[in-house]
Each structure stands twice: as C-alpha cells, then as structure tokens.
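You will see subunit A twice below: alongside subunit B first, and alongside subunit C after that.
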Partner chain A sequence: MQVLVLATLDGIAYGALVFLVAVGLTLVFGVMRILNVAHGSFYALGAYAAASIGGALASAGLSPWLAYPMFIVAAVLVGVVVGGLMERFLLQRIYGHEETLQLLVTFAVFMILDNAQRLIWGVQPYFYSEPLRLLGNVKIAGITYTAYQTLFLPLVALAVLFGLRWFLRYTLAGSVIVAVTEDREAATAVGINARRVFFLTFVIGVTLASLGGALASPTTSVLPGMGAEMIVLSFAVAATAGLGQIEGAAVAALMIGLGRSMAVFFAPELEVVMPYIIMVLVLLIRPEGLFGKSTARKI
Partner chain B sequence: MLALKNLQVSIASIPILRGVNLTVGEGETVAFVGRNGAGKTTTLRAVMGLLASTGDIELDGQNIQKVPPHMRPGLGIGYAPEDRRLFSAFTVEENILLPARVAKLSAGETKRRLGRVYTILPELKEMGPRPAGSVSGGQGKMVALGRALMIGTKLILLDEPFQGLAPVLANRYAEALRALRDHDRSLSVVITESNPGLLKSFAERTVTIERGEIQEMPPVEAETA
Partner chain C sequence: MIMRIIFPALVLLAAINPLFFPQWDAFLTIVFAKALPVIGIILLLQAGQVSFGHAMFFAVGAYCAGFVGRWMGGGGEIVILLVAALGASVVAGLFVGIFVVRYRYIFFAMLNLAFSMVLFSLLEKFIHITGGSDGFRIARPTFFGQQLSRSDFELGVYYLALVLLVVSIYGVWRLLDSPIGHALKAIKTNETRVEYLGISPRRTLLIGYVVSAVLAGVGGAMVGVFQGIATPDYAYWTRSGEFVFVAILGGAGHVTGALAGSYVFEFIRVTAAAYLGDTWQLTLGVVLLGIILFAPSGIVGSLIKLGNRVRGVKEKRSQSSIGKAGEIA
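Entry: the complex of A and B
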C-alpha cells in the first residue's frame, strides 16, 4: 500500500513537470502548426539557468528563498530572449513551408542548443536542491515526501492550467490567440496581426518549457541530454491529449506521469516504454487523441 | 471610394484575375456577379490583402497595396466571407465585438457601432450569448455581416451572402441590406453573387466578371428598391 502511495506521489510530481513542458508544446502547435523539436532544449536551458542562478545566490550569501522568484525570471528570460530570437529570425522564414522543413530546422536548433549547453555548462551534472529543502517534508498516508514535489509542483501546474485558460478566455491577447488558432485568415480579416500572435505564442510556449526545467532543477541533476528525454515525453503527452488541447495535456501528463511512476515501482523494465504504451493505447482507440476533435478531410 | 486598377492575381502560376478594373463610388451598392470560379471571391480576398496581387487597390484615392492585410480592416473595410468563418470558441456577441476590441475602439464608439449592428440586425441581440458554433448557416451569415459592420465604416465586402440560405432567411438578409443602405447612405457595399436576380432590389450597379476579367460594366440602372 505504501509503495502505491509513493508511486502516486511520484507520478503526480513528475506529471506536473511534464505538463508544464507539454502544454507549451501543444500551445505552439495549436496556434502555429509547428512541431517544435527544439522545445526540450528550452526545458534544459531553464534548468541550467535556474541551477546557475541558485548557485550564484548561494555564492553571494543571499537568501535561498530568492530562488523561487528567480525560477520565474529565468523562465521568462529564456522565453523572451532565446524563444523570441528563434521565432523572429528563424521560424518566421519557414511558416507555411512543408512540415519536413520545419522539423529539420527545429531539430537543427535543438542540436545547436544542446551543444551550446555543453560549451557553457560542461558535461558535469549540476545540483541545486536548496528549494527542495526549504519547503520541508509532508507526511501522506505514512509516507514522508518533499512538500516541493507533493504540493508545490502540482499547485504550480494547476495555476498554469487555470491561468492559461483564464488568459485565453478573458484577455484580448488570449482572444486573438484563440482566433488565430481557429482561423488565421478570418482573424486577419478582422484586423489581427497573426505574425505578432505567433511571436507571443512562441514566447509563452518557450517560457512554459523553461519554467518546467527551472522547477525540475531542484529535483534532479541538471546534465546534458535532459532536454532530449523531455521532448520525447512531451510529444507523447501532446499526442495522447490531442495536439492543441490544453486541458487534455493536463490529463495526459498525469496519466503518463502516473503510468511511468507505477512502472518504476512495479515493473521497472517497462519504465522507459510506459509513456509510449499509454500513448499507443489511447491513439488506437481515439486516433485524434483524448481531447482532439476529428475533422473531415478536405478533398 | 474603391478603385481597382489592373488587379491581377495568380495562384500557382495560374492567372485567376487578369487585370480587373472596377470602381465603387461612395455610398454605392455594387453587385459583382459571375459564375463559380470567375474570380469574385478572389477579387474580394485581394482587396483584403488575403491573396498576393499586383495592380492598384485604391481606397479614397490612396493605394493600399502596401498596407498589411491585418491593417486593412482598420481603414474601414469590413469583410463577410462566403463560408462565414465565425470563431466557434466565442459567443455570437464576442464574434461581433472582436474587430472593435482588436482595433481598440473606445467603449463609446464600440457601443455606438454595436447599436448600429443591432438596429440593422435585431435578431443578433437575442443570439448574442449563444456559442457561435451553435448557430445555423443562415444565422451565421447574419453574424458575419454584423461582424463586418463593426469595422466596415466605409466599405463592406459581402461574399455570396445568399448562397445556401433558405428563402425566408434570404429575404430577411435582403431586408437587412436594404435597412443598412437606408441607415448609412455613405457606406459602399460590394456583394458577390452567382445569381444576379437576387440583387436586383438593392444593387445600384451590376458588374460581371468572367474568367478573371470584367466583362461588362453597365451604367447605373434604375432598379433600386
């Protein structure tokens, strides 16, 4: 029983992190119709940036509590600077081109950013677990677990889910994103600058991936290659949910987080493949994903 | 008001519009007729900048070819596409208000324009809270007209508004267009239609397009309602 509780807590915490990354990916795809392979790199960049800032805070003798606002600062910095530059100078040139070209270009960016991380931070893992310690532990059904993973990460994921939904529903910037997602041409015909919407969406998507990385950094060692693992997992979540589905991404991330965690405890040999088993099972039953809408094929 | 001079559009190297010349005066309602594939929709989309074109598109004497597509509605051009193109994620009223929100109109101006829309199309007020995805095809055409009216203060482009409408709704739509003309005599309107007979009661002039070229441009006919 205790193992089951432990696996559940583990799965929820992991699902929360995967959701943050996958929701950015699915938002970008929903609006821009681009499958961004480089998305995992932003997760890694967020993690490295947070770990570096945390290390700098410790060296400067500043309060470790500053790490929390710094997570957000790091995520926004990566989103605006790296994401903004990539959208402005790279993606804008390939909108409307074949998906193959888009995949190749974003894969090239992934390779460049992956190598850039090795050049900047080296190949040794980084550890910065102070935020984990600050929040202490909680006891649930006899299991002692960190409050950071049990409460903080799921709460942040929920805040992002509801915040994003509120933003898209009740703000003008959100409304124009929804309009462009649904019909870019009709949106243009009512005066919406789709290019600007693409930029905003991409920056938001990258910021979310980076926030996921920043929040993951206290729970894991930050090392090269972590972006590759996360992008594959995020694709699995996005495909399971139905591409472009925000609430679906939350459900799918939870399913995959729990599935992976259960596998770790009960069938370790299935740990790596469990997310894809879930994805395949869902897609076999609902090819458009859990929340995806089937569309008639135009001939 | 609107002048198209030698307007040309090619899609995949195939010429669709072959030097269209057309003028629409201030307050004039022009029926733009032609068979399917003649180039009516292409002409309207080119005016909106939704298709790349060459030649001149002048609005009030100013060539707007270099004005980006998303800025053209801000010049006072409203466009109601043939297939409505409503945003199903929004309510009917949110669809109608969206151009005003995007243009950042003042609350007073938005209210004034919304009032005009509801005067001409009172049924939209009742439909306001309904999800746009739940309205019928005919009602959707009304909503698309209302949305175009929110931003179209100088020129309204209506693409095949009667296509697929049941006779009752077609009559209601025609009534709304007559009300629009009576309400705002300075507003120019271009209506495309495959069946010219439908537009006789309110179009002041009929222009025919065939294979991407204007075939005839008869003088103003005395067939206004």
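Entry: the complex of A and C
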C-alpha cells in the first residue's frame, strides 16, 4: 500500500515535468506543423541554466529563495534568446518545405546544442537541490515526500495548463494563434501576420521546455544526454494524446508518469520502456492518439 | 551515367585502393558498412517516409552476429554470422514493419524511434545477456572457413563490405525501377490513387521496410564484427538520425547518395575529431544545416544538376540552332 502511494506521488511529480515539456512540443507542432527534435535540448539548456544561476546565487550569498523567480528568468532567457534565434534564422527559411527536411533542420540544431552543452558545462553532472530543501517535506498517507515534488511541481503544471487555455481562448494574441492553426491562409487574408504568430508560438514552446528543465534541475542530476532522453519521452506523451492536443497532453503525461513510476517499483526492467508501451498500445487502438481528430483523406 | 560510368569507376578504385593506400582500409570499411543502412533509408525516402529508428535493425544485426558467434564458439564463421543477422533483421523488420506501415510522415518517423528506444533500453537493462552499456564483445570469426590474422581478416572484411555495398546499391537501384519500386514512389506522390489502382500501399511499404531493415541489419553486423563490439548505443535514436543525415547529405534522390554521404560524413567526423577536438558533432550539425539550406538535393543530386546544366546548355544551343535553321529554311 505504502509503495503504491509512493509510486503515485513519484508519477505525479514526474508527469508534471513531462507535461511542461510535452505541451511546448505539441503547441509548436499544432501551430507550425513542425516536430521540433531540438525540443529536448531546450529542456537540458533550461536545466543547465538554472543549475548555473542557482550556483551563482549561492556563491554570491543571496537568499536561496531567489531560486524560484530565477527558474522563470532562466526559462524565458533560453526561450527568447535561443528559441528566438532558431526561429528567426533557421525555421523561417524552411516553412513549407518537405517534412523530412524540417525534421532534419531541428535534428541539426539538436546536434549543435548537444555539443555546445558539453563544451560549456562539461560532462560532469551538476547537482542543485537547494530549492528542494527550502520547501521541506510533507506527510501523505504515512509517507514523507518533498513538498517541491508533491505540491509545487503539479501546481506549476496546472497553472501552465489553465494559463495556456485562458491565453488561447480569452486573449487576442491567443485567438490569433488559434486562427492561424485552424486555417493559415484565411487568417493571413484577414490581416494576421502568420510569421509573427509562428515566432511567438515557438518562443512560448521553447520557454515551456526550458521551464520544465529548470524545474527538473533540483530533482535530478543535470548531465549530458538528458535532452536526448526527454525529447523521445515528450514525443511519446504528445503522440499518445494526439499531436496538437494541449489538455490531452496533460492526461497523457499523467498516464505515462504514473505508468513509469509503477514500473520503477513493480517491474524495474521495464522502467524506460513503459512510456513507449503505453504509446504503442494507445496508437494501436486510436491511430490519431487519445484526443486527436482524424483528418479527411484527399485524393 | 552514374550507374554506368561513375559508380563502376569508383568501385574499381576502391578495389585496387588497398594496394596503394592500405592505411585507408579501416576508414573505408566503416564507410562501406555504414552506407548499407543509408541505402535502406533512401529506399524509404523514395516513398516519402523517413525512419528515425533504423538504428534498431543496425543493433539487431550487430548483436545477432555476436550471439551466434558466441554460440558457435570462438567467434563462428563470418558468412553464417551475416546470414543470421540477415534472418534476424527480416524477422525484426516484419514485426515492427507490420505495425509502423499503418502510419505516415511524423508518426512513421517517431514510432520507429520509439521502437528503437525500446530496444536500446532492453539492451541496456538486461545486463546478464547483453553485457549492458559496456557492450557485447564479438570475437573475430573465421573468414570463409579460414582462421586469418588480424590484418588479413581486416582486408577480407574490407572486400566483403565492398561486395555487399555494390550488390546492395545495384539491387536497390533495380528494385526502384521494378513495379514495386514505382509503387513505392507513387506512395509519396499520392497514396489514395495507388489504392485505387488496386495496389496495397501498406504491403508495398512493408516490402520496402523489410528490405531497408535487412540492409541496416547486415550493415550493423559488419560494423560489429569489424570493431569487435556491439553496444546499446548502436540502437540509440541519434544514430538513426545520423543515417537520415547521411542520406540527405549524399542525396536522397539516388542510391549512390548513400556512398557519397557515408564517405563525407565519416571524413568530417574523423577530421573534425582530429583537428577540432570534441566539436565533431557541432561541425556535423552545421554541415547538415548548410546542406539543407543551400543544397537540399545532396551531393549526388547537386552533381546530377550540375551535369544536366553542362549538358543542358549544349542541348539548348543545338536546339536554338535547329530553330534558327528552321526559320531560315
């Protein structure tokens, strides 16, 4: 019983992180029809940036509570600078090209960023668990668990989920994004600048990925290869939900997070395989994903 | 032109190369062996589908060669290892293929990736069978029944890889010009119309998929036997990405693109590793971006275009001269 509770808590915390990354991936795909292979690199960049800034905070003797606003600063920094540059100078040149080529452009960016990370931060893992200790522990059903993982991470994930929903439904910028997603030509015809929409969407997507990385940095060791792992995982979530589905991504992330943590406790050999098993099972039954819409075929 | 003159000439050069530059043998063996999976990728690209998971068959081939070698004792016989790798990749290709040919584009690409990640983590987790992340040692097998010294063996593998490459390139070239090959290309153009013609796109794609899996498996077995080790990294998705990269680099429009791409890729990797230290991946990324942005048809595609332009200029001149002659007449 205790193990079950522990596994559930683990799964929720993990699912919350995966959701943050996957929702960025699915948002970018939904609007721009580009599957960004470099998305995992932004997750890693966010983690490294947070660990570095956190270390600098500590050595400067500033309040460790600054870590929390710093997460957001790190994420926005990565999103606007790296994401913005990538969209402006690379993606803008390949809109409308073959999907294969678009996929490969993002793969090239992945290779470059992955290598750049090793050059900047080396191959030694970074540990930065200060924010974890600050929030202390909570007791749930007899199990002591960090408040950071049981309360803070799921709250952030929920805030992002509802924030995105609100943004897309009730703000002008959000409506414009939805319009471009539904029909780019018609949206352009009524005077919407689709390029600016793409830029904005991509920056938001990248920011979400690096926010996920920044928030993950206290719970795990930050090391090379974490981005390569995260991209496949967040793709599994996005595909299980149906590409482009934001609320669906939350459900799928929770499913996959729980599935994985159950595997950790009950079938450790299957830990890494679990997300893909869930994805394959879902896609076997519903090829468009849980919440995806099937599209009409054109002759 | 390419298949009649340039390709045979290159093969001839490669065949006599060990007499003059034996120090290139190891490099070229890897180039030839790694070109095999790329041929498979190019085959699938003809149908408009890109697989981000073919490294799984590469790993299947390499590990299968290792297992059979160990089971036979002392490394086994290279021909048997290759046949076993071929058989294993047919089975694996059918198993995964039946599932993934139902999907297209992004889903096809990423489902392949998911399967290869499953294999990767299984290889890493089942340490008692696969040796985990340290890899699985592959002892040197006999070469057509002969127990060869290391250098003779490597020379033998060089020629074997060359023969396999030539057979594969020629075979896939012929395949693409067969009814199945044309059906594959038609899937890219318009799949629904293919169905209306009474051809099953799924079955056609499955055939292409199994062929490409076999090429990747045999390539993996060759690399594994040559390097004496198979590691879970063989199945990691970044290696699959490399295969696709090499296909685009060489030119996905022509099978010989696999050889051109593989050569340039390994060359960049070796040189960058030697002169630029740990930045070979970064260098390759920049090269890939450059190719996609400025020469999306790859090395071979650009050469064909160049050739056409040179000939096209002549044709235009002769045409215009005919036209003028006609006017005068």
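The definition used in the following text is that the second predicted complex is superposed on the first by the 299 of 299 C-alpha atoms of A that agree within 3 Å, B and C clash if a C-alpha of one lies under 4 Å from a C-alpha of the other, contacts with A are read in each partner's own complex, and residues count from 1 in each chain.
Heads up, the rule we're going with is that contacts are C-beta pairs under 8 Å (C-beta built on N, C-alpha and C of every residue); 3 or more make two chains touch, one makes a residue touch a chain.
All values reported here derive from a predicted model rather than from experimental measurement.
Participant: One more residue to check, A:Ala56. First (subunit B), second (subunit C), both or neither?
Facilitator: Neither: A:Ala56 stays clear of subunit B and subunit C.
Participant: Under the stated touch criterion, name the partner, subunit B or subunit C, that contacts more residues in subunit A.
Facilitator: C
Participant: Answer with first, second, both or neither: which of subunit B and subunit C does A:Leu281 touch in the superposed model?
Facilitator: Once the two structures are laid over each other on A, A:Leu281 reaches no partner at all.
Participant: Could you say whether A:Glu269 touches subunit B, subunit C, both of them, or neither, answering first, second, both or neither?
Facilitator: second
Participant: Would you sort A:Ile120 into first (subunit B), second (subunit C), both or neither based on which partner it touches?
Facilitator: neither
Participant: Could you look at A:Ala173 and tell me whether it touches subunit B, subunit C, both or neither (first, second, both, neither)?
Facilitator: A:Ala173 sits against neither subunit B nor subunit C.
Participant: List the residues on subunit C that touch subunit A in their complex, please.
Facilitator: Interface residues on subunit C, with respect to subunit A: 45, 48, 50, 52, 99, 102-103, 105-107, 109-111, 113-115, 117-118, 121-122, 124-126, 190, 192-193, 196, 236-238, 241, 244-245, 248, 252, 278-282, 284-286, 288-289, 292-293, 296.
Participant: Hey, which residues of subunit B end up touching subunit A in the complex?
Facilitator: Spelled out, the residues of subunit B in touch with subunit A are 48-50, 68-71, 73-74, 79, 81, 85-90, 94, 98-99, 101-103, 147, 151.
Participant: Residues of subunit A touching subunit B in their complex?
Facilitator: It comes out as residues 172, 175-176, 178-179, 182-183, 185-194.
Participant: Which residues of subunit A touch subunit C once you look at their complex with the stated criterion?
Facilitator: Residues 29, 35, 37, 90, 93-94, 97, 99-101, 103-105, 107-112, 114-116, 118-119, 228, 232, 235-236, 239, 243, 269, 271-273, 276-277, 279-280, 283-284, 287, 297-299.
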